[in-house]
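Labels run A, B, C and D following the written order; every chain starts at residue 1.
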Amino acid sequence: MDDLRKRAKELIDTSAVKVVIGYEQGTGNKTRALFVENSEVADKLIFDSRCVQNLAAYVTKQEVKSKGKMAITATLPVMRAIIQLASEFQVNDDNLIVIGITPESKIIDFKNLEEVETYVHQFQIEIDARNREILDKLDKMTPSERWKFWIDELSPCFKCYACRAACPMCYCSRCTVDFNRPQWIPVSSNELGNLEWHFMRAMHLTGRCVDCDACANACPLAIPINLLTKKMIEDAKSDFGGYQPSLKGENLLSTFKPDDKENFIQ
Amino acid sequence: MIDSLYMPYLMRIEKITCEAPGVKTFMLKFVNEEDQNNFAFKAGQFGEYSVFGEGESTFCIASSPTRKGYIECTFRQSGKVTNALAGCEEGSVIGFRGPYGNIFPLDEWKGKNILFIAGGIALPPMRCVIWNALDTRENFKDITIVYGAKSVNDLVYKNELKEWEIRDDVRLVTTVDPGGETPDWKGEVGFVPSIVEKIAPSAENTVAVVCGPPVMIKFTFPVLAKLGFRDENVFTTLENRMKCGFGKCGHCNVGKVYVCKDGPVFTQAQLKELPDEY
Amino acid sequence: MAKIGVFICHCGENISATVDCAKVAEVVGKYDGVAISLDYKYMCSDPGQNLIKKAIVEKGLTGVVVASCSPRMHEPTFRKACAEAGLNPYMCEMANLREHCSWVHEKGEATTQKAIDLVRTIVEKVKHNQSLDAIKVPVTKTALVIGGGIAGIQASLDIANSGHKVILIEKDPSIGGHMSQLSETFPTLDCSQCILTPRMVEVAQHPNITLYTYAELESIDGFIGNFKVKIRKKAKSIDEKICTGCGLCTTKCPNKKNPSEFNEGLGNRTAIYVPFPQAVPNKPVIDKALCTYYTKGKCKICEKFCPAHAIRFDQEDEIIEVPVGAIVLATGFAVKKTDFFPEYGYGRHPDIITGLQFERLASASGPTLGEIRRPSDGKIPETIVFVACAGSRDEAKGIPYCSKICCMYTAKHAMLYQHKVHGGKSYVFYMDIRAGGKMYDEFVRRAIEEDGVNYIRGRVSRVYEKNGKLIVKGADTLLGAMPVEIEADMVVLATAGVANEGAEELAQKLHVSYDPYHFFAEAHPKLKPVETNTAGIFLAGACQAPRDIPESVAMASGAAAKVAGLFSQDELTREPLIAVVNRQAPPVFSSCVGCFLCMSACPYHAIEKEEIKNRQGEVLKTVAKVNPGLCQGCGTCVAFCRTKSIDIQGYTHEEVYSEVMALLND
Amino acid sequence: MNIERRLVRKDSLEKLFDILRQNKKTVFAPVMKNGKASFKPVGSFSSIAEDYIQTTQSSKEVIFPRVEKFLDYEKNGKEVSIKGFDYQSVTETVLWGVRPCDTIGFGTLNSIFNWDFKDEIFNARLSKTIILSFSCNKSDDYCFCTSVGGNPGSTAGSDILFTKLGADGDYLAEVVTEKGQAIVALASELFEKTESVEKEKFLANVPVKFNQEEIRKKLEKFFKSSQWVEQSLKCLGCGACAFVCPTCACFDIQDDAHGKIGSRMRCWDSCGYSQFTVHTSGHNPRSVQSQRWRQRIMHKFSYMPERLSVYGCTGCGRCSRACPADMNILEHLISIQEVKI
């Protein structure tokens, strides 16, 4: 933690960045984003296992971006998100410095995003055992059982879009649900419309989702919407051989590779 | 049980006039005669017009309350609903809720000069009050209209502009932005604020009504101030996004004001009290 | 305020036999926004078209739906008719009642109902259609021809003679290509250089042709009519303007023992050299890789002797950028060398040579002045074996295709040998004789029957040296695969013709597709043989597949005709059915967020980045922009755009959505 | 009317529930799913959740549903026929297990929907809803009802307020309204007469954290404060706070078309969304999140008191609990109070 604070102070004091995005103690045993703009504030920085909000969601936020060059404390999912954002031209070395945090809570000073990429590529995107089990269960369901499962899970959704807001990859200035000519997805929340919204979102994250679970963590109604994106990660793996966020901007679905496995055609 | 606030009147499109590219005027009549008899409105008020299946859109009533038996609205195709409206035919039935909002205080203007300043598609909200004033001409002294648009083609109500031009109880000054003129254009060329400055109407015993795009309003207010107009004698209308039209949905809320209830007509003095969120 | 006219065509009996056209017209006539609905026997006929035109004028139609055959056939017909009546042609759409309904269903109510549904969806689409204008793209009337072989020369001359400017670039110091290396040409046996050299000179002197030799394509940008190419002019280390081409330098250069490319290694050249005496331009270049000054820092003898003081050791590569409207690719081919063949000793034996080397031996300007002599000891071979299909048609060698020219030149080689070495014995091992061409088969027959060349149908399994002789082991398949063994003095391999090294890289640079063997791919194997999949880039000669001279020349003239056709207009007119990224008023500018997923998905490289700047020049937003010259309207980008910021004109989200909803909601 | 106090034995609650059900009343009560309590129509007493401080969502949905269809239309060529709101479809509903900070919210909603034009649909639902609330015997750090004029045992807005007397005790029932009396009449044997009970000692302790009057006064001069920007930097701009709030009433009006037929409805909206105020021209009066966050606080603590004479906050703390970015409204209000102007 001291390392982290020291590094943040150094970045601020040397004017290397204008703001360091990290975590602080929040209310009710929660942690939350902290924006360090002067070095005294850096003492509030913390890092522990509760820090699961994906801070990369802030690097595309206009108000944060307009402060100038940013540094971000980044766990593995956050780093993945940063690389994916870089590949989509949303951040670059000129506006972002990554302070990596290892699973052992050690900090890593990255010189540039390429180094972050190299680090990130050491780890595959893997679905954890608990969710793996639920996905298996869903796979084994009949279509009508699965339909019922999702209707039950998604009908409470009141479309507050916290999932979208918390997701680092949902940075579009006009989301498809805000598009009304034509109105692809109904504005009001109803059973079918909710399904359309969440399925569409999962589709838009296919090949891009960094599996940080920010969406599910953000949902005030505790709907396990991350199951949808996790399923997409699985499908991407079995049908296309999987993906890693990459600075080369090779997107899983928009680039053709002769060695793509095309299981879905079978 | 009475109908809910959200029930629209059914209105039949009697006549469609194309005013300018993408701009149309509908003349609307009540499908039910009873509705017609119970309906009354005043200059400055607006309504929610709807195409069933597409939604509602807010704009003013463009006809004068002195002309009975119908209302008119003028809109530009720009969103989902206005596009659907543009696709309607004469004889089609659409929905209308209203009238909502406050009014231009024509009663208070009696015995005064009126200066109307409008730009582009913002003439319709003013057309209502212009005709109201002209139809009760004896109540007012000099009436001046300054109207500008990007180009000659973009001027709306071309027939009425001709009529006002001919009448000797109203002074009409039309202008188009530099480059927007045609070879046979006889009006002014220049932006509205500078034309207002040029013709320099007297502020003495005069109220000014300004409607137009934000940039035009922004530059016209200082000109009026320079000419000696006091803030409480300068009127305009706000165009905030609205949904319900009667102070509930929250969309048009600016400070403590609901534009749909306390507006859309405001004096400049009132606007200065408001947060800059319109 | 839609006023749609619906015109139902019977297509003779094609539609009306199974669909009740009158009923379709009647039912559709009652739909919202349909102002007129008619059926007629042949809508595409003049009276049929006049019905549409009349309705447009009289009813003031805002849109037209013609329900008839596939739009492939008659969409242009009806759109033209609409335009003639004053309606924007893109407000006219077709419902395909023939292929989609009447031809595939039995007569019955359901079929008529389906026809009604098909028409209704298109009516809904047309209600949402926007007027579109054809896209006009200005044309730069200069062509770039890449490659100065016979194909490139012919294409350049044809384009230049049709009155347009041509820039011809050639990577070697001289134009001429492979044809300049040949001795005589089949089937007429006229001298290759004699017929080529005048053409080469004509290129050099043509006022419409700018020739850059020793130059390569660096990069390309833009699209049909508007390419921007960068050309790298490699440093020749001489000032061409001053050099008189006297050749003194080449005689003084002490660095003499370099294998001559022109002579296929059968002769030597100096480091400063002119590839061959008839070279165009006939001025030397210094081969930096070989020159003693460049490699060791000392020498400069050529500079000392040059009477014109034209040597420039400090010369550097020059990049020139030129706008061109069309590109002809004529980069030619290469042949496999003998080291490709383990069964023939990996090219280690000097008397096993390629066909191209034999050309040099047989050429009067060659290292032996036209006498057939063995490279090893200069003896005249008494027995010579020609092996056709060396590598070609051999899946195991990765060259399953036929190299096409080998049968003919092998016959020619054997014939030349017989003419020059009286009493010599020649054998040709062949798989099949492919002599499809004017006077070709006669030519082969002449070699066999008049000149006594021994043709053996069979393959050569091995060639090895024994007692100063080359033992050629093979089989005669016409004699029941009887083993054949010939003691030869010399073996000539008709090695396979392959794509040039670097062809793949060049194709990628140009966004031209290529086949598995790296030959450039034509746009259509039958109907577009000289076009590529990239509009404005054409093919000529052996870069597309192995070609002989007449074919290369014909293809070059074909490509030149395409270029001339393109250049005959000042502007290109294209269908406006292309992708467009939305633009909005500030502060939004566009709903595009600049993720550029579309860019990676676009198969035509039509997506560009556009920076939106304020008055101070600061970049406010970077958004995608579709280059209308490159976009083919395929719609891939639309599918990938999460923010729905891209629409295909003529197939916008609203248009297609309204079609689908019309089908779902009734 | 005077509040009547009765005693309800702990075993009698279930009987009361069953009697309500037998009287064909729909009963909404808190149910647990995925670890969150929310109001749902309940068929059996046993499925009602007990151990929760506060439901994730407020109970406003019963009276102000997230989607309220208010007309049906049918198109026929150029003609249209419309059918208005079906008031018959509003049936008697019992809201069971509501906290006092929710019931107060209905008063706020009532002010919003009736301050000028009268919203009959809202009124129909409100008049058909019987509110049986339960005092809070525990609270958490997010609760601050006492700072905004409420308290854990407030009867305001309730028809009957139940207060549990001790951990395993019986219930004090305070019958507040005639609607409440009607319920008592249905099951009078369950409502025993009782001596006066000191219910306060059974209530949760929610300390007062700020003075809302002071906040209101301060906000009048606070519009241009830099605090809004600082506070809202971590706000992600979702609508969770508004949707769980018992008093947030912003809505959108949308059509739902199915060919020739369809309906028009209002659905929840949030002033925190970036698209909330955007004009068709693209101009957005509240273009950044700090302006939208300011609107939320100003609306609740300045504009509403001024225009509608009610505060727009009941201190339930739901918005703070629901916020994925830990925007804590209490924390922000305290910091506004602490600022010297």
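One rule holds in what follows: a contact is a pair of C-beta atoms (placed from the backbone, for glycine too) under 8 Å apart; a residue touches a chain by one contact, two chains touch by 3 or more.
Predicted model, so just to flag it, every value in this text is computed and none were measured.
Trainee: For the chain pairs B-D and B-C, which is connected through the larger number of C-beta pairs in contact?
Mentor: B-D
Trainee: Where the centre of all protein Cα atoms falls, which chain's Cα centre is nearest to that point?
Mentor: Smallest offset from the overall C-alpha mean is found for A.
Trainee: Roughly how far is subunit B from subunit C, centre to centre by C-alpha average, rounded to an integer in Å?
Mentor: It comes to 62 Å between the two C-alpha centres.
Trainee: Counting in whole Å, what is the centre-to-centre distance of subunit B and subunit D, each centre being its mean C-alpha position?
Mentor: Those two chain centres are 39 Å apart.
Trainee: When the C-alpha atoms of subunit A and subunit D are each averaged to a single point, how far apart are the two points in Å?
Mentor: A distance of 32 Å separates the two centres.
Trainee: With chain centres taken as the means of their Cα atoms, state the distance from subunit C to subunit D in Å.
Mentor: About 72 Å separates the centre of subunit C from that of subunit D.
Trainee: If a residue has to touch 2 or more other chains to count, which residues of subunit B qualify?
Mentor: 79, 89
Trainee: Using the touch definition from the top, which residues of subunit A touch two or more other chains?
Mentor: 181
Trainee: In subunit C, which residues are in touch with two or more of the other chains?
Mentor: Within subunit C, residues 32, 588, 661 contact more than one other chain.
Trainee: What residues on subunit C touch subunit D, complex-wise?
Mentor: It is residues 30, 32, 584-588, 661, 664-666 of subunit C that touch subunit D.
Trainee: Report the residues of subunit C in contact with subunit A in the complex, numbered from low to high.
Mentor: 588, 591, 593-598, 600-601, 622, 640, 642-645, 653-654, 657-658, 661
Trainee: Contact residues on subunit B for subunit C in the complex?
Mentor: 16, 86-90
Trainee: Across the complex, what residues on subunit D touch subunit C?
Mentor: Result: residues 77-78, 257-260, 281-284, 287 of subunit D touch subunit C.
Trainee: Would you tell me which residues of subunit D are touching subunit A in their complex?
Mentor: For this pair, the touching residues of subunit D are 33-36, 38, 56-57, 66-67, 140-142, 229, 232-234, 236-240, 242-244, 252, 254, 256, 265, 267-268, 270, 273, 275, 288-290, 320-322, 324-326, 328, 330-331.
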